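Which chain is which? They are A, B and C, in the order written, and residues in each are numbered from 1.
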Amino acid sequence: MIWIAIRMLTGDPQKFFGLVFGIAFSTLLITQQLTIFVNLLERGASGVYNVSSADVWVMDPVSRTTDVAYAMPSTALDKVRGVPGVEWAVPHIRANASVRTKDGDLEGVAVIGVDDATLIGLPKNMVEGSVDVLSQPDSVIIDDVGTTRMFPDASPIGERLELNDQRAVIRGIADAIPSFTSTVVLYTKYSNALNFVPGTRNRLSFVLVGKADGLTSQELVDRIEAETGLRARTREQFARDGVDFIIENTGIPLNFGITVALGFIVGVAIVGLTFSLFIRDNIKQFGALKAIGVTNGTIRRMVAAQAGLVGLIGYGLGVLGTVGFIYAFSANPTFKGFYIPWQIPLISLVAVTLILALTGWLALRNVLKTEPASVFR
Amino acid sequence: MSGPAISTRGVTRDFKAGQQTITVLHGIDLDVKAGELTFLVGESGSGKTTLISIMCGILWPTLGEVEVFGTDIYDLSDDDLVEFRLQNIGFIFQQYNLIPSIDAASNAAVPLIAQGMDRHEARKRAVAMLEKLNIGDQAGKLPNQLSGGQQQRVAIARALVHEPRLVVCDEPTAALDAASGRRVMDLLREVAVAEDRACIIVTHDNRIFDMADRILVLEDGKVTHDGKHMPEDH
Amino acid sequence: MAFDIRNLSFTRQILPVIAVLGLVIAAFFILSGQPDRELSEPDREPPRAPEALANAARVAGSGVVEPSSEVVQVGSALSGLVTGLFVEPGDRVSEGQTLFTVDARQARAQLREAEAAVREAQAAIAEARSAQATASSQLALYRNVSDPAAVSRSEVIRAEGEASAAAERLRLARARYEAAQARAASARTEIGRLTITAPIAGEILAVNIRKGEYVSTMGGGGAQPFIEMGQTQPMHVRIDIDEEQAPRLALGEPATVSPRGAAGQQVQATFVRAEPRVVPKRSLTNSAAERVDVRVLQLIYELPASATGDGGIFRVGQQVDAYIPAKKGQ
């Protein structure tokens, strides 16, 4: 009977493709918009994720994210180092500066100063050059998205910049996830960064901490907070803070939420209407089947099979479309680092299942309500 | 064959229409024998559709009992009743109600498939039945590629393919001219009437009354005539 | 038989296959595209707490390596041109060894002048002495004449006057001689002061003058010292401890010290003393606008001899990271 159900479904190509299109469109809209949404939000955490070796971030109690940070006195580093369970701790400075480009334009940049000796705080990978170039005087490493913004045509290697009246020479390109605002990022040594950024009394933005074996990051965070009075966050917590900051301070969640809801509603509307039409067209056949001796259970299975096939094809095409979209735009710097979190296809699968369950149930109600006796009228 | 194929005892059926209750059938008692072509005749609104629905187990009577081949069908559970219909009753609907997206053989095979038979085996049997009905060469065509008469034969094949003991046929000649109607009736008599099979034809087509073995006339929910021929006043 | 089931159907067979293939491709793409957020070990060794203190109460600080004598900035008492330079950075010198000399020609001329005056005074003394002898013998002659008429009274008076004047002249000549002597000694001292010697035994750390340069006693605000030296055997480190952390310190315990950039090479340094004053933190950022609000306790530790010297890893002025045990129960 399932075979008959599938035949009934595909026997009407317009409605079949209408259903598949509805599901595929919903899947595409939900998956793609959620993907962009999640990736945009995670831009808020890129500063944390770009530093691959720190278990814990320590900051002033009022600091909120990597970009909203209040500087600490330099002895904070030693305070943190004095906490048992801290395997190592290095200073980290993040500050904003203005740089004058060759064209004379002013470009806001983020200057990130990493520990002079260990270079902890640099992104894991380099696009060009090696991290060792920082040992040369006045060296900075630019991030790859910054390259496309400041030097769209030529290689930035060897370019001179003017930062706070100081000379800075670009000697490398880092492979980093851009921030939410896609600010150009210049990585340099901590000591250089102090010169590149107009100074205030305290300069140390963060202390990056590696934990000793035998305790969790959370335990270390609690210990650091208790002993130093500074604010400590695990890597995951701090990444989450960055995301929350964007959620709280932008309209992104609302906008994307609306789009995703629209995707869902459009899916329900298209699929629901088409499914209802399809069932209504076939209501006599269903009635005949019921009279001949097909149980309601079998009818349910038949409709479920029809919904399942539509769902499989529509969902498959929708997810494939999203993957194609992300793949096609992966070369675009705006989409750098975009990925599809594995949870999102599952969410859209749930949404598709909901759409089909809802519309299938509505359509089934008509079939189940049909009296077999109606076939004699 | 002992006993009647179908026997109804005191079958009464009420319909609610708003505040009013309309009684369509008033305590019908009748027996239908196997091996006969039984006509159920009546004007619109006489209750013949209600009666035939109740007799073949797709409409519950308000009162009374229906026994089909010795089984009190309204004593069965819902699913058992469905199964009973699937095993024992063949339907030929006035509109045929063929599934448009599967070919003639598959349409004819639907009862077998519903019984759980393998699809290819069911098709084989359905093709055999279509051949018996002289449309074996149309087995691979979709219903809308067939003429009306051919579609009706597919519907007949579907009603008979699982060899039911009761065949119910709703207005088989309504859409046909006199000659075609008679041919269909001949065909039905040839293939549907058998020793242990009852065949009930619901009709008000007076052109074919002479082909009946027994005519039951229903008026205002009561059987007013029961005999081989129509009464004179019709 | 267009709808025979053996025929391939786009909607029933091809599309579902495409969908399933698409899902497989998508699953592969999605799972392989998950971002790399694995934690990694740092490439270069960061300073770590020593194993003994890894999970124990401890205080961390940073500091600078310095000679045990602290750095002596050798100056010059007199200004002038540098005429001789006798040491190079890294030389070990003993106390009193000449480091450099300043132009002494003028002082030497004065010395020669004074020496000439001495000789002149000596001659004057001799002359005065002979004049006095002549005058005395004449007076004695007159006094021995018994006949008063033979020598007039006036003659005697004149002879007495001459003798007295000769004696005065001798005293004057002696005084001149002493003055000339004193001038010569002064010139010699001056020459000595133009030779700068090592105030202590130690190692020359920096030489900021070259022959022919003018050294000024004024020193000039912010000018570099001429020569920096210090006792580098043993070597000390001066470690800054945040005043808030200071009460936790277990004073007297050895500190674990590693140089910046070579965090793996930790040594044990023995406690020397804590500075009596808590001082404002001297930040090493070189920023002219540096202001401070943090005060630090400075602790002095002695580095082991094996870690210093020519083959050692610690050099004067180097920044270090240090871990010091805290008091038990803190």
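By our rule, a contact is a pair of C-beta atoms (placed from the backbone, for glycine too) under 8 Å apart; a residue touches a chain by one contact, two chains touch by 3 or more.
If you want to know which protein each chain is, UniProt gives these names: A = ABC transporter permease; B = ABC transporter ATP-binding protein; C = Efflux RND transporter periplasmic adaptor subunit.
Just so it is clear, the structure is predicted and the values come from calculations on it, not from any experiment.
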- Query: Based on the averaged CA atom positions, which chain is farthest from subunit A?
  - Reply: B
- Determine the chain that sits nearest the middle of the structure, using the mean of its CA atoms as its centre. A
- Task: Could you tell me the distance, in whole angstrom, between the mean C-alpha positions of subunit A and subunit C?
- Result: 58
- Query: Quick one: subunit B and subunit C, Cα centre-to-centre, how many Å?
  - Reply: 120
- Note on the structure: Rounded to the nearest Å, the gap separating the Cα centres of subunit A and subunit B is 64
- Note on the structure: Flagged in subunit A as touching 2+ other chains are 7, 10
- Overlap residues in subunit C, where contacts from two or more other chains coincide: none
- Note on the structure: Where subunit B touches two or more other chains simultaneously, the residues are 102
- Inside the complex, what are the residues of subunit A that reach subunit B? 1, 3-4, 7-8, 10-12, 282, 284-285, 287-295, 297-298, 371-373, 375-377
- Report the residues of subunit A in contact with subunit C in the complex, numbered from low to high. 6-7, 10, 13, 16, 20, 49, 52-53, 55, 73-75, 77-82, 84-90, 115-120, 124, 131, 177, 191, 194-195, 199, 201, 203, 210, 212, 214-215, 235, 309, 312-317, 319-320, 322-323, 326-327, 337, 339-342, 345
- Item | subunit A partner contacts - residues on subunit C that touch it in the complex | 9, 11-12, 15-16, 18-23, 25-27, 29-31, 33-49, 53-62, 240-242, 244-245, 248, 260-261, 263, 281, 283, 285-287, 289-294, 296, 321, 323, 326
- Query: So in the complex, which bits of subunit B are touching subunit A?
  - Reply: 49-50, 52-53, 56, 58-59, 79, 82-87, 89, 91, 93-95, 97-102, 106, 110-111, 113-114, 119, 158, 170, 202
